[in-house]
Structure formats: structure tokens, C-alpha cells
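The structures considered in this document are given below.
One chain, chain A, appears in both complexes that follow, with chain B as partner in the first and chain C in the second.
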Partner chain A sequence: MVLQASSSRLNKARKREVMLTAAVFLLPALFFIVVFILYPVVHSFELSLTSWSGFSKVAPEYVGFANWKILLSDSVFWHSFGNNLKIVVLSILIQLPIGMALGFVLDLGGKKLRPLKIAYFLPYLMASVAIGLLFRYAFDPYFGIVKVMMSWFGKGAVDLLGHPARAMYAVIGVICWQYIPFYMVYFMAGLSGINTDIYEAAIIDGATKSNYFWRIALPLLKPTIKHACVLSLVGSLKYFDLIYVMTGGGPVYSVNGVHYGATELMATYMYKNAFVTNQMGYGSTIAMSMFVIITFISASTLFLINRGGDRP
Partner chain B sequence: MKKITLRVLIGILLLFWAMITVTPFFYMIMTSLKQQKELFTSGMFALPKSFYLGNYVDVLTKGTFPCYVGNSLFVVGISLFLTLATSAFAAYPLSRFVFRGSKALYVLILAGMAIPLHATLIPVFLMSKNIGIYDTHWALVGPYVAFNVPMSVFILTGFMKGIPTELEEAAEIDGCGKIRTFFNVILPLSVPGMATLAIYNSVMMWNEFIFALVLTQSVNIRTLPLSIWEYQGQYSANQTMIMTALTLSSLPMILAFVIGQERLIKGMMAGAVKG
Partner chain C sequence: MHKLLSVILAALMLLSLFAPALAEDKVITLWHIQTQPPQQEVIEKAKARFEAANPGYKIDISVYQNDPYKTKIQVALAAGEEPDIFPSWSGGTMIEYVLANQLFDMTPLMEKDNYKDLFMDAAIDQVTYDGKIWGVPVENVAVAMLFCSKSAFEDAGLEYPTTVAELEAVAEAFKAKGIAPFALANATKWTGSMYYMYLVNRIGGAEVFMNAANRFKPDGFLDPAFTQAGEIIQKWVKAGYFNEGFNGLDEDNGQSRMLLYTGNAAMYLMGSWFLATGASENPDFMQNVAIIPFPVYEGGAGDPTAVVGTVGDNFYHISANCEHSEMAFEFLKTMMDEEGIQERLAVGKLPPVKGLKVEDPNLQTILDVVSNASSVQLWYDQYMSPAMAELHKDTSQALFGLSMTPEEVNKAMQAGIDAQ
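After this line comes the complex of A and B, so read on.
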């Protein structure tokens, strides 16, 4: 009896200690998440219902869903969204296959190909800003690499970034250059997760390496591929740094008196509205719509690709 | 015969890809080692006549580059320390204790990963103005920690779950409280996981651009990615100087990669799982 009572008291004391420790230890993380992520999202939504220049002396004026209505018919925003979609599609079509091919060869090559692995990985380590600047100079029509390369073929200067029809594709090329290393390593990690016994068994059974890739590795990599698609999708929808530095959203062209930026993205358009033309209310609306669009697209993609089950 | 041709073909493709990745770096470094007038007289890809280090001396001594490096070191140092400490603290109860609401808290912290930072940008900017830290180093610390904590908690929770509980039980029998157990048993054993996170997070923070762009303004506060962008405005005609600044700014991250290659890759993979 006595023993039981003391053990239950001990249990209670232990439970209290656990709760107290947990509370103290979790507090800092919760502080940062709530103050810098969750509260700002709510505040963003509140601001999206106002018209405000951002100057603290003037209070935000509540306008209801007026900003959202404007957004729905803002052709510049939808044009930017279209540019984001271009990046989404081309990124998945270009980065993933090349990344996978490189990852597969490096995985089979083992230690021999290590120097190549390091070389291939370099672009991903540079800051987007540095990459953007580097390629701005490389693409310079008069002094850049492109000019030199064109002259090898006896062609004249080509202005890649200053031309509305070409700028987007030039920038996407650079984005691919930056992110292919990431997917390469990503698929290498996926491939190394496949048991080596499977590879050996396949080779003993007379499979060639390409048989192994198409018939065994690729089906087993299905979850990795799905995941890579979602990653690429979300990343492309919130892209900002590189485009801001390389083109600033330009070059600008007009259709029916409306000015469009050939490489304008949702994020650059939001930045310009909020911090350049000081429309904090409308800027918040764009930011929140990015939040909604990204959540909706990634959730529905996850739903669609997982519908068949996550079996390899 | 067919096998050999295939091998040669793959070899050629690999070299071709190496050229695509390395050429821009080669161009960057070669340009940084040239004198400005040399750029116009000799070709773009020509090796510099004499390895001219004057640009490096100029960037490192004149102008604001050293100040920017200092700013970046300061901001990344403090943010990294806070991120690691905060995440290790949070990961301990999440990986070890079962209490009411532990699952919900874990999900709440991880939800931070799914939120695009653009949705927080304007309020964070307003907040930093209101509490008077706008345009100081401290303005960057909060968002940097907040956006790196979720993934770090995710990785460390997984890592700590892998530490055998026997060690803790032994410590408890020896009279260690929960807090002492954390500092004396769990934390030392989590060092490998923390090292992975340290390398990964420092690369992310060192390269961060958009918060730095929005939350700072003065030359003596701004971090490195902004500085190289501003260099371009200041010295846009001076290509050699800009390439030197680019080379110098990427150097620490390339070194971090060479030193902690496997760790960095591991961190990135774990970071990627966040989806």
C-alpha cells in the first residue's frame, strides 16, 4: 500500500517535470514560429483588405475585398503567374531528367567520378544573386561569353536579356544551370537507397545497366521523382532572387497600353507593389494570393500523384 | 564494340556537362585576374597575361566589401547559434516525451516550412519598423531563425529519436533531472546532426537575399549578397572588380562544401524532404 502510494506520487512528480521541461524547451521555437511566421501571415491577410501607403502616420483604410477584386482582373498579375507556370513546366521537363541522368551515371561510376561530382555541384553553392550577376555579364551582347560563342559560328551579337521574347527562356536556362546539381544529388540519394543486392541480382541475371535503369531503378525511384516534382513546383512558384537581379522583371513591353514585364513573376510583382510604389495593401493581396495559389497547387498535386498509392 | 561506343558517348556527354557547369566559373575567375584594359585587348577566354592580383587587393582594402563580410559573419553567426539552440531545445521534448498536444505542436512547427516567406514579408517589415530594429543586424536575425527552425527541428527530432534510451535511463537512475540529461547526454550525442545543420543553414543564410533587401537599407548594415548587387550599380563598367567580388563572396561556401561535402549533401536531402 505504502509503496504504491509513494510510487504514484513519484509518477506525478515525474509527469510534472516532463511537462515543465517540455514547456520550457519548446518555448523559444514557438516564439520564433508564431512571431515571425504565423502572426505575419494573419496580418498579411488583414492588410490585404486595406488600402495603405505603408506610412505609419496614416492608418490603413479598410476596403473589404476590393483589392482581391482588382487582383482577379489585373492582367499584369496573371501574366506574371503565367511566367511562373513557364518556369514550373520547363524546370520539371529540363532539370529532373538531366539531374536524374547525371545522378545515375555518378552513382554507377562511384569514387572514380568524384571530381566530376564536385564540379557538377558548384553552381548550387553560389548565391542566386551572384549567379544572376555573373550571367548578366556573360549574356552581355557586347562583352559577354555569348558574343564570343556566337562569333565562333560567324554570327553577330544576340541580346538575350533585353529581348522580350527571349529573356524568359534565357533566365530559365540559368535557373536550370543553378538547380540541376540539386536534383542530381537528390536522385543520387534516392538511388543509394536502393539495396545493392537488387543491382547485383539483376546483373547476375544478365541485365544490362540500361535494363537496370529502365526496369528496376526507375520504378523504384517513383516516390523520389514525385517528391522532386513537388519540390520543383513549389520552388518555381515562389522564385524571386535570380530574376530580380538579372532582369528586374523586365524588359518591359506594352500591349494596349498595359505595361508587361517579360520576366515578371508573382514575387517580383509583389515586391514592386509593396516596396517600390508603396501599395502595402495591394502588395499584401498579391502575397496572400501567392500563399493561396502555392498551397492549392501543391496540395492538389500531392493529392493527384499519391492517388495511385505511394507504392513504387 | 557497341559497348565501347556507348561508353565513349557517355564520357563525352559527361565532359560536355562539366564544361557547361565550369565555364562560367572559369570566366569569373579569369576575369578577376585580369587588368581592366586587358579585358578588351585579349579575348574573353584568354588566360590572363600575368596573374594580376590588384583587383583582389582593391576589393579587400578599398570600398565597403570588408564591412559587408563583417555584417554577414555577424548576422549568420548569431542566427545560426540561435537556430541550432532553439531547434535542439525543441527537438528534445518532441523526440522523447509523450504529452498531450506534443503531436499538434510538432505539426505546428513543421507547418512553418510550408509557408512561402513572401506571405510574411510585409508584416515582418512593418514589425521591424515598429519596434525600431529596421535597418539593424537584429532585424534579420528573427526571420532567419524562424525560417530555418522548422526544418532543423524536423531533422534533429529524427536524429534524437535514434539515440538509444538506455543512456538516459542510466542517467536518470544516477539522479539526473530531465534538463541535466539533455545537456549531459542528449546534446553531446547530437553533435553530428547539429554539424550537418550548421553547414546547411549557414549556406542558406549566407546566400539569403529577399529579407536582407527589405529589412536593411544602410551600407554599413547590409549583408554580402546585397553588396555584390550594389557593386554592380557602383562599378558597373568595372567588370574585373565585380568578378573579383563575386569570386570572393562564393569562396566561403565552396570551402564549406569541400570540407563538409557529405554533411552538406545530407543536410540538403533532409531539407528537401520538407516538401
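After this line comes the complex of A and C, so read on.
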């Protein structure tokens, strides 16, 4: 009896000690989250209520929710959001299947295909700015590789980046080129997580490789696919760098006298307002609304796809 | 023993923290956008002269590309991390800096010993706001000129155009030979704007834009001169006077100049800094270049000598936060001393000072054009506030892309200026 009481006291003491240690270890992370995430979010919200120019030393003027009202009726912002959705949908439809196919083939191919593994992974290692410049030149209608390829089919130069209807798809193509290797590796990791016993058992039972992929590997990869979708979704919604380097949001075109950037995204539009036209207040409003939109979409997506659980 | 050693080591490490602050020189930071190596060297040499003459001071230089710099400096100013000396193009951006208390007022230093008289009056005018001088005009008298490939004109047996009608005839002739008449990289947007500015200037005169941008007249941007200029540009685009895909090409990466160098295009409307850029990129081609003023528009109200450009191009400001503002000003003076002026001439630039003696015939052409100009219209995107500049650049690109009519552009510009 006495022994039990003292051991429970010991347990409690140990628990408290563990909690304390955990807290101490978590503190540094908490510090960085507060300084680099929480504070900027709160401060951005504050700024979104002002008409601050972004560099003025004169105290910013408080304008209440005026910026937010403008944003709700700002067709350029909603058009940019639409462009983001285009990237979301096309990225998931293009990058994930190709990434998975490459991952599956390379996984089965083993050591023989190692050179390909490295080659396919290379694009992901390049900096976005370098990729942007590379493709800027590749798409050049006079000197680019695309022109040469078109001439094989007897076609002339194609204006990809300067044409409002094509620019977005041209850039999405480059984005896919950059990110397919990432999903390839991601799915390879997922595939290597499947027990080889299962593969061997399936083959002994007479399954073909395609049977194995569609009926065994794919269902088992479900959690990996879900997470890849969410990663791609969030990445696409906050996308910025390649667009900024390749088109700067342009080319500009107009509908009913209102002009839009054909490749303008929420992030590039935010950047322009905050840093180019000196409307940091409005830029912060866009940043905050991105925060709200992305949080809402990813939270509801996570909720929807996790409803069924991770079971195949 | 170990303890003693660690104490000594710790003490040494602590000392080393203070050492730089004690021994090091006073540092003046400078950002500039003269990316071409010979031009970078001009500034490096000024740094060497300054540091030799002023022991204890060091100049720390960072070089940026033109368009990225524009946003880089905004961010730096916002964060209070701006360098001691940095350039702008004067105009609307400079005025916003002044209103935000970001610039050091250099009027007393400029007026001391009448130093400002070294510079062309028009250059000083560009950095004067509210009766005070906020910058030193340094780099270049740069006006937009039509650069023509001599060999292309000779091969086609064509005369250099003096009127817009002749220009169109020349363009048709080049087009028939499969050469793009104009090289244009308009993803950068201010490049196409040059055609627009000149046409407005030639058709309606220099006042049309000044009246509109300063709201001297109501509905200034609805002036027929803007409409006509827009219509001519769209006519040219439809006729194929510009190279393929111009709205997707980047001027900073030289995608327009490549067309000119390779003979794919015959003419190039560009700021006269092209003389310096071209000389370092492709000196052979620069032997082959003819420089003509933008043609006259028959029946237009504009003065044929008027030019679009800037008397100074880059004006260097001193940050209001600079701790050594007088020495920073000394450095700017070093940049513009006799050697600095000569070195700029040597790399193909016209520093904005009075009484320049020029040997290079191309530079002489520019100098003559500027000296005889009835007016020098500063680039629209530098003259107006950044928000209006962005609007102008966007609508002008849409105009070139044929997706906005000239009337729609005018309306958008007028709505923009009315909202300010």
C-alpha cells in the first residue's frame, strides 16, 4: 500500500519533469514561431487597416476596413485568385500522376535506373530564378529552343510568354517541369514504405506489375497521395517566384476596359501593391486575405480527405 | 590549467567582438545599377580616388539590375536598411521619397561655392523639389533616339526617315524583306512606352502630357493626341512592324538588342544609354549604328526638336539616415570630378555637366540633340507617381497587345489621375 502510494507520487514527479523538459525544449521553436509567424500576421493585419505607403516615416493613417471593402470588389484580385486556382488544378492533374509514374518505374527499375533517377531529380535542385531565366530564353520566339522544335514540324515561331491566352499555360508547364521531380521522390519514398513481402506475395500469386500497381500499391499509397495533394494545393495558392521572374504577372490584357495581368497571381499582385506602387496598406490587406483563403481552403480540404481515414 | 586556458580563450573571443568597431574605417554604403563592367569600373575608380584622399573612410558598393533595384530599394527604405547613397530617376518616385522624409536635403552643399553650376540647368531642375535640391545628377544625359542598323538600311537601299510617313514606308520595306522594322522587348513595359511618348509629343506637343499629368487641365488624358498616338501604335502592331512576341521579351536581358545585333530587326527606339550598353556588349555592331531623332509627325503640333529622356538618368541621393552625409556628398563630388567625367565619356556616356567636350561622333549627335532641344520630356513612368507609372505601363502594354483601345487607355489613365 505504502509502496503504491510512493510509486504514484514518483510517477507524478516524473510526469511533471517530462512536461517541464518538453516545455523547455519547445520554447525555442515557440520563440521563432511567435517572432517570424505570429507577429508578422498580427502586424500585417494592423497594416491592412492603414493607408501606409510602405516606406514613409510619417505615421500611417488608420482607415478602418476601407482596404477590405476595396478588396472585395477588386476584380483584379479575384482574377488573380482564379489564376491561382488554375495552377492548383493543373498542378495536381499533371505533376502528381507523372511524378507517381516516374516514381513507380524508377522504384521497380532498381539500381539500373539510378542515372535516370539523378537526371530526373536535377530540375528540382535548380533555383527558381535560374529556371525562370533559362525558360525565358528557351521560349524566345527568335532564338529559343521552342522555335527550333516548332520548325521540325514546319511551324513558325510561337509567342508563348507575350500572348495573354498562352502565357499562363507556358508558365504552368515550367512549374510542372520544376516540381514533378519533387513528387517523383515523394512517391518513391511512399513506395519504399510498402513492405516488400507484399510485392513478393502478389507476384507469387500471379499478379502482373500493372495489377500490383493498380490494386496494391495505389491503394496503399492513398495517405501519400492525400498529403501530396495538400502540399501541391498550398504551394500553388501561394505561388510567386517563377511567375515573377518569367512574366512579372504580365502580359496585360483587358476585358471591358478593366486591365488584368494574364499571369497575375495573388502573391504577385500583393507584391506589386506593397512594393511597387507604394500601397503597403492595401498590399497587407491582400496578404491577409491570402492567409484567410489559404487557411480556409487547406483546412477544408484536409477535413474532406481525412473524413474517410487513411485506410485503403 | 584548463580553466585558465578557457578563460583566456573566452576573453580573446570577447575582445574580437569589439575589435572591428575599434579599428575599422567609417563605411559609406552605395547602391547603383550600372551593371556593365566598364561602367562599374568608373565607380570603382571613383571609390579608389576617394579612399586615397580621405583615409579612414571606405565606400562599400553593391550593384543591382535596373528593374529588380526599383523594388529592392523600396523594401530597404521600408525596413530602414537603405544604403547611404542610392540612385533614382528623379520625378514622382523622388518626390515620394522626399515627402516620406527619406532624403537628405543637399541644397546647402550644392550651393556652397556654386557647386551646382557645374551641372546642366535642366539636370538640377530634375532634382529640385519644393525649392530644395535632393540629389546629384551623375550618370548620363539619356534621350530616346532611333538607333538604326546602317547595314540593314544600305542593303535595302533605304534613306533614314525624317517623317512618320517615311518611317512607315521604311518599315514596310523592311517587312517585305522579312526583317522586323522595330526591335522591342515589352515585357519590361517602359520600352513600348517610348514609342507612345514620342508620338504623343510629336502629335500634340510637349504640353499635352504635362497638362494631363499635373492636372493643369481637366480630362487631360482624354486629349485626342493620346488617342491618335494609340491608334498609330496599334496600326503598326497590326502591320507587323514589331518583332514577334514583343510583349513577352525582357529588355533587361537584352532580348531586343539580340534581334538588332543579329540582323533580325533594323531599328531600335531606346534611351541613348544604348551607346554605352552596346559598346560593352557588341562593339563591332556599334560601328554600324546610325542615330536619328524620332521622326516628325506631319501636321502635328509638336516641336520637332523636342526629345523624351532625362538629363542625368541616375540621380544619386543621400539617405536622411546617413551618418556621414557630408562625406557621402564628397564622394558624389569625386564621382563627378574631372576624371569621373572623362571616364564616363570614355564608356559612351554624357555626364550632365556644362561645357562638355566630346570626341565620339555618336555622343556628339546626342549632345547636339539635347542642346538644341526645345524641351526634354522626362519618361512618363519616372515623371508620375509610382502608382500612375504602373498604370501607364500596364495600359501601354495592353495597347501594344491590342487588347485595349486607345480610348479605354485614356479613360483608365484619367480615372487613375482623378483618384489621386
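The rule is simple: the second predicted complex is superposed on the first by the 279 of 312 C-alpha atoms of A that agree within 3 Å, B and C clash if a C-alpha of one lies under 4 Å from a C-alpha of the other, contacts with A are read in each partner's own complex, and residues count from 1 in each chain.
Operating definition for what follows: contacts are C-beta pairs under 8 Å (C-beta built on N, C-alpha and C of every residue); 3 or more make two chains touch, one makes a residue touch a chain.
These figures come from a predicted structure and were not determined experimentally.
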| Just from the overlay, do chain B and chain C fit on chain A, or is there a clash? | clash
| Is A:F291 in contact with chain B, with chain C, with both, or with neither (first, second, both, neither)? | first
| Which partner does A:K238 contact after superposing on A: first (chain B), second (chain C), both, neither? | first
| note | Between chain B and chain C, more residues of chain A are touched by B
| Given the touch rule stated above, what does A:F36 touch, chain B (first), chain C (second), both, or neither? | first
| query | Of the two partner chains, chain B (first) and chain C (second), which one does A:W68 touch, if any: first, second, both, or neither? | reply | neither
| task | Please work out whether A:S53 is in contact with chain B alone, chain C alone, both, or neither, and reply first, second, both or neither. | result | second
| task | Name the stretch of chain C, from among 74-82, 182-190 or 290-298, that runs into chain B once the two structures are superposed. | result | 74-82
| said: Show me the chain A residues, by the header's touch rule, that chain B contacts in one structure and chain C contacts in the other. | reply: 54, 56, 133, 136-137, 143, 271, 275, 280
| Which of the residues in chain A end up touching chain B in this complex? | 17-19, 21-22, 25-26, 28-30, 32-33, 35-41, 43-44, 47, 54, 56, 98, 102, 105, 113, 116, 118-123, 125-130, 133-138, 143-145, 147-148, 177, 181-182, 185-186, 189, 227, 230-231, 234, 237-238, 240-241, 244-245, 267, 270-271, 274-275, 280, 283-284, 287-288, 290-291, 294-295, 298, 302
| said: Going by the contact rule set out above, which residues of chain C touch chain A in the complex? | reply: 70-71, 74-75, 77-78, 96-97, 99-102, 186-187, 189, 243-250, 253, 255, 258-259, 262, 264, 385-387, 390, 394-395, 397-398, 401, 403-404, 408, 411-412
| message | Show me the residue ranges of chain B that touch chain A in the complex, using the header's touch definition. | response | 10, 14, 17-18, 20-25, 27-28, 39, 43-45, 85-87, 89-90, 92-94, 97, 99, 102, 105, 108-109, 111-112, 114-127, 129-130, 142-143, 145-147, 149-150, 153, 177-179, 182, 203, 206-207, 209-210, 213-214, 224-226, 228-229, 232, 239, 242-243, 246, 249-250, 253-254, 256-258, 261, 265, 268-269, 272-273, 275
| message | Under the stated contact criterion, what part of chain A meets chain C in this complex? | response | 53-58, 133, 136-137, 139-143, 157-164, 167, 247-248, 250-254, 257, 259, 261, 271-272, 275-280
